[in-house]
């Protein structure tokens, strides 16, 4: 593995899950592996879990994390090819990525989509530019269309909490007041497709994810029907993909409640808006796995960094 | 001690002062105590001394500091119970505090008061929410009503510079152009009440601090009278407590001058506005202890972190 | 050397270049020198290379870097002497510098010029205030009139890539859309004046740098003439010095092209605006040394920090 940009970079999800569990048992087992190595965490967007858990993962490997809010700490980066840079951007990604590669052994990047320009978002311009122009491994800390550190975390969490050999996992859309990306949902879908689970997706009509990602995964437009006998309900809002970037529904009937959930475990990548996406009664109960998920972010990131370090 | 949120968490101030002095003599004596441990410094507000000295203290103990400006680096946090989060806040403190506890062995928090909503400020909503929902020790890096790292620092500084067994210490209000919190004054009052000093407070009428905090401490509305035979003059502006958040006076006659100070030592938590709160002639003289105080911030923080680490 | 504020702090540039090359060969040779030592990086302005390379340099020496965006993380600093601080600044540099000296063994500062007040800029108020009021060594991470870490980097890069004993080096102005400082150009001029090179400066009339800095260095107003037989073309935009802060020309004929460059190597401190300052064809070719320059920032900074640490 040269980079970790998508769930497709995982060759064997079951062995990765086993490795992550082993790291979680003894997080400091590789504390000399990253000695005198530096990871640059570049944020084009806000972050809490990713910012902290990736730093923690790096520290567990003995690495030195250097964190930078690109726009706030530096200046606007240009991604266009051949641009006459007489506008608001002060440095081209060709230089920026190559330069940061001089100081960091690994570069991790967070860059959200525009949600207005589908073609641009699907081109993954920022992430792919780093892959192209950097000379060190790139880690995706959530890009326009994927959040593979979260997807790996979620696979690990489901594996830890499954009580049957082949659990039923439901990805459910839920309402939200803001236009949100598809990245977390996409990576979750891709992770579940690699696992031995019964996996279905449920959302209102008009909210179908990219069909190239969902593939053969069953889509059920009736949430109650989808939830029948579920072991895990993974919840996330996203905006319309076909009517790109639009909010087509804020229907509160899609909010997750304790009653709907039944015996299933509740999962969410966080941050979550209480009583909009899910009611308090779910999050405040033992049915919720959201804090365990957040904890697993450390070990997913640590496994990815470990594999990249071993390959340097 | 499970948390350090107030001066009341100090069981025996004289033994703490002795311990802090010992740390100051040999700051690296416990450099392995915090090995592979992480402290998260969460700032809801600006900071210079606290930001740097708490990092320095953590480094002296071998800890890894992770610093985060909550609003700038992440997003708005919701503290209300049962809120339908369809507004500007994106994550509830219940999740945020529990999540950060997954990555940090100690969490330190700075969150200033509104100075418009007395009930809310006195409830210490932010600090207490972290205590309630985090699963690790919480350190108060200045909250709505207290700044106990500063209070401990001040007690240490007075102990170091006292030339008599029971020095006279005066807390004096001074003018300022902005509405400032009571936190520093409150913690200083509480620290002095635990020490063997002759302690009086002086301020214009209408500026009485919370009477539950000042208790039996004498309050003198005449600054000159209060300063008579003082060994230490601790100066701080605060807004009115009774007429909450209001500036009732900017009377320059309350500014501290070399003449007023006499042989007393001048103390201030900093930042201080020169020639508004205190004249240059004081700060630029040997009567000023403000830099020594700032230095002691490291050892006060280090002692608190050491005690918390020993108790993990 | 007590501080590193200007190229004039370099006693013997050839021996410094040799030392920097040795560090580059074995960057971790002094990894215990900075153990338990802290460097504070204080940014009054944006930074990418300087921010990352100085941290990397400190880490290579085993130091703990603490980074702070002064305005964003703290508040406005007052530099005026005797000011009645009833305005927007909350802390005086006298306190700020002395206080930061309590927590950091070395302080590095970036503070750009106003480009509107020549007298103030030339007084180097911010940098000199730190030198005056701090009690630890100060490193200039780009001040109003100089960028000596860059100048040392550039000298090192030229030394590495020179193919003749006394190469011809041209400093060329190039167009830009914004008003830019003279700092990089000044330090480059001062560095070249110390080296055994044939050095000329070229720019449109009206763009003469401070004559006290350029001294006897030949100035040629015809770019083509200046470039004849050049080995290195160092490019940089700056605003007018005589008509202080003004943009007198955006003439695209001064942009650097592959054709103009010929066999010379292209150098720039970055960030660079593509197709405004220099065309893509130059930056995307082997003639460009900009990434190698960026890499050398680490070793220039590391040499400076090493010398300061050895002198503590």
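Lettered A, B and C in written order, each chain numbered from 1.
Going forward, a residue touches a chain if its C-beta (ideal position, glycine included) is under 8 Å from a C-beta of that chain, and two chains touch if they have at least 3 such contacts.
Note that this is a predicted model, so its numbers are computed, not measured.
At the interface between chain A and chain C, two copies of one sequence, fewer than half of the residue numbers in use appear on both sides, so the contact is built from largely different positions. Rotation relating chain A to chain B, from a C-alpha superposition: 120°, rounded in steps of 5. Averaging C-alpha coordinates per chain places the centre of chain A 39 Å away from that of chain C. Those residues of chain B in touch with two or more other chains are numbered 72.
Contact residues on chain B toward chain A in their complex (touch as defined above): 36, 38, 40, 64, 66, 68, 72-75, 78, 82-87, 90-92, 94-96, 98-100, 102-104.
Note for the complex: chain A touches chain B at residues 28, 31, 43, 46-49, 51-53, 55-56, 59-60, 69, 72, 177, 270-276, 280, 283-284, 290-291, 294-295, 297-298.
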